[in-house]
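Chains here go by letter, A, B, C, D and E, matching the order in which they are written, and residues are numbered from 1 within each.
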Amino acid sequence: MKIIGVADTTFARVNMAAEAIDELRATGTGFRIERYTVPGVKDLPVACKKLFEEKKCDMVIALGMPGAQAIDKVCAHEASTGLIQVQLMTSKHIIEVFVHEDEAESPKELKKLASNRAREHAVNAYDLLFRPERLAKLAGTGQRQGFADAGRID
Amino acid sequence: MKIIGVADTTFARVNMAAEAIDELRATGTGFRIERYTVPGVKDLPVACKKLFEEKKCDMVIALGMPGAQAIDKVCAHEASTGLIQVQLMTSKHIIEVFVHEDEAESPKELKKLASNRAREHAVNAYDLLFRPERLAKLAGTGQRQGFADAGRID
Amino acid sequence: MKIIGVADTTFARVNMAAEAIDELRATGTGFRIERYTVPGVKDLPVACKKLFEEKKCDMVIALGMPGAQAIDKVCAHEASTGLIQVQLMTSKHIIEVFVHEDEAESPKELKKLASNRAREHAVNAYDLLFRPERLAKLAGTGQRQGFADAGRID
Amino acid sequence: MKIIGVADTTFARVNMAAEAIDELRATGTGFRIERYTVPGVKDLPVACKKLFEEKKCDMVIALGMPGAQAIDKVCAHEASTGLIQVQLMTSKHIIEVFVHEDEAESPKELKKLASNRAREHAVNAYDLLFRPERLAKLAGTGQRQGFADAGRID
Amino acid sequence: MKIIGVADTTFARVNMAAEAIDELRATGTGFRIERYTVPGVKDLPVACKKLFEEKKCDMVIALGMPGAQAIDKVCAHEASTGLIQVQLMTSKHIIEVFVHEDEAESPKELKKLASNRAREHAVNAYDLLFRPERLAKLAGTGQRQGFADAGRID
C-alpha cells in the first residue's frame, strides 16, 4: 500500500485537491491519501516535507493557484524552488500543479483549466509511482496538462 | 505548551508583531511567545533558525515590510528564499507576513493592511499548530490576508 | 562498465533521448544506459538524483524542451538550478540538454536543433566520462551544441 | 570576549570596513575584530564562513559596494543569497552592508552614504550581539541605515 | 605545496585558463596546477567540487565566457550560484572569472578583456592563498579586473 500526499492551499480559488483525488481514485488502487492544507504556495514546501517525514508519503501532489501580479510570480518561483529542494532532500517526487490566475481569460475557463490540470497531473503521479513504463512510452510527445497536447514534431 | 516565535524588523513602519501577538492571544491558548527583532527582512531567516534552535519554537511568524524600490523587491525575494530554506532545515512552519510598501496608496491604508494581514496570518499560524482541520475546510476557497477574500470560483 | 542515465520528459516535442542514446552508442562502448521519463523539466532534478542513487549511474544526461512563454523560462531556470544542486550533492556530472521552443523559427528547425544538440552533448558526456583529455584540447575554442561553433577569437 | 568578523572587498571604492570598525569601538567593548578582505562581493560568503569556522567569530559584518550595471545587481543578489546560506549553515548573524553605486548622485554623496550605512549597521551588529533589547524597542519604527529613518506610520 | 585548480570551458572563445596559468607562474611559486575542462559554465560548479574532492585542490579558478543573449545571462547566474554553493560546502575559495560576450565591442577587445581579467584574477587567487595581507591593503580602493580600476573616492 503506497501513500500519496496531497498538499494544497486556502488561497486557491478552486478545490484542485478534490479533483486530483477523484482522478487518482478513478485511475487505480494500491494507495491511500494524506491531505494537508496550508495558507499559500510558499507554505507548500515544508508541508510536503512533513508529509514525507511524518506521514511517510511515497509521493506528494502539491497544488496551488498563484495570482496574476508580479509579486505572485515571485512567490510561485520561491515555492517551486522549495518544492525541488524537498524532492532532493527526500529523493521522492513532488508533482507540482500550479495554475496561474492569468493563464485563463475568465473565471470559468480558469476553473476548467485547474480541474483538467489537476486531473492530468494526478495520472502522471499515479504513473510515476505504479507504471513508469507508461511515461517512457510518451517521451518526447509534447504532452500538456490542462491545455491540448502540443504533440510530437514530425 | 507550544512555543510560537515572532520575528520582526526595525525597518518596518508598523509594529506588525504587536498586532500578530494580540490576535494570537485573542484566538486561543496553549502557547507562549518568543520575540526576536532584527534590522531588516534579510536578517529574518537566521533569526527564525535561532528561534527554532535556541528557543525551541514550534512555529515562527516572520513579519516584515519591504520597500517599494526594485532593490527592496530583490531583498524580499532573498529573505523569502531563506525563510523557505529554514523551514526545510527544521521541518517546521514559518508563516511569512510581508507587506510591500507599494501595496497600499497611502500610509494610512498601508498601516491598516499591515495590521489586517498580521492578524489574519496569526490565525493561520494558530490553525496550523492547533486546528489544521479548519484550514482543510477552507481548501480552494480563495482566502486572502489583508485584502478581501477572492472567494471560490463557481 | 559505466552506467549513463538518460532522463527526459513527456513535455518535449522531440524524442531527444533517443537521439542522445543513438549518438552515445555510435561514439563508443564501455557503458550501459538507464532511462527515466518524467512529465516536465521541473521533475528532472529528482529523477537524476534517483538515477544516481537507485540505478548507480556514473553520469546523467537530462533532456528537456521548455516552452517559449515567460513562465516556461522560469520553469527552466528552476530545473537548471535543481540540476546543479543534484550534481553538488552527488559530485557527479549531469549534462543538461535543454532546447527552448523559441530558439528556432519553425518546428522543422526546432527538431533539427534538438537532435543536433542532443547528439553533440551526448559526445560531451561520453568525453567527460571516458576521455576528458579531448575536452581539454578544446578549451576556449568556442564550441556550440546544435548551432555552428562560434570558434576561437584570433 | 566576543569575536566580530569584518569582511570587505578591494572592489569597493570606500573603506567601509574602517568606518564600521571605528563605530564598533566607539559603541562598546567586550569584543575583538578579525578582518578579511576579498576581491568582490561574490567572494564574501565563503570569507564569512571561514571567519566563523577558522577564526571562531560570533558574528560577521560583510561590506561591499556593487556597481550600477545590470550584471552588478545580479552579482549582489548572488552574494546576498550566499550570505543568507552561510547564516543558516552556522546559525550566526551576518550583517550585510551593501551600498549600490547608483544609490547616490555623486561620488561625494556615495562616500557619505557608505560611511553612514557602515556605521549605523555596526551599531546594529553590536546590538544583536550585546543588547538585543535595544532592537526590540525599535521594532516597527521604520529605521533606515545611511538615509534618514522613514519612521513609524501613525 | 598548494594545489590550484583551474576549471574552464570549451564554450569560451578565448583560452582564458592558459592566460591565468601563465600569470600564476609569473607571480610566484609553491603551488602546482590541476586542469579540468567542461563544456559550459553550468558544468563548472561540479567540476570545481570534484577538483576539491578528487584532486585535493586548495582553491579553484573557474573561467567562463557567457554569451550575450538573455538565456546566457540566466545560465551565468545559475553557474555563479552553484560556484558559491561549492565554496560553502568546502569552505574554500573559487575565484570566478566570467567575461560576458557583450562586455566588449569587438572580438579583439573581448579577447584583450578576457586575457586581462584572467590575469588580474590569477593574482587575486595567488594573494588569497599566499599573501592575504596584500588584499587587506587594497580594501576599499576600487580595484577592477580587466578594466581600469575605479579607484578610491576621495
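List of remarks:
We adopt the following convention: contacts are C-beta pairs under 8 Å (C-beta built on N, C-alpha and C of every residue); 3 or more make two chains touch, one makes a residue touch a chain.
Remember, it's a predicted structure, so these values are computed and weren't measured experimentally.
Least step count on the touch graph, chain B to chain C: 2.
Interface note: chain A and chain B, two copies of one sequence, contact each other through mostly non-matching residue numbers (shared numbers fall below half of all numbers used). Taking each chain's centre as the mean of its C-alpha atoms, chain A lies 25 Å from chain C. Centroids built from CA atoms put chain D at 41 Å from chain C. Contact of a single residue of chain C with at least two other chains is seen at positions 81, 85.
The chains touch one another to form a ring, and the order obtained by going from chain A toward chain C and onward is A, C, E, D, B.
Of all residues in chain B, only 73, 76-77, 80-81, 83-85, 87-88, 91-96, 100, 121, 124, 128, 132, 135-136, 138-145, 150-153 touch chain A in the complex they form.
Remark: chain A residues 8-18, 35-39, 42-43, 45-47, 49-50, 53-54, 71, 74-75, 78-79, 81-82, 85-86, 89, 107-108, 110-111 touch chain B in the complex.
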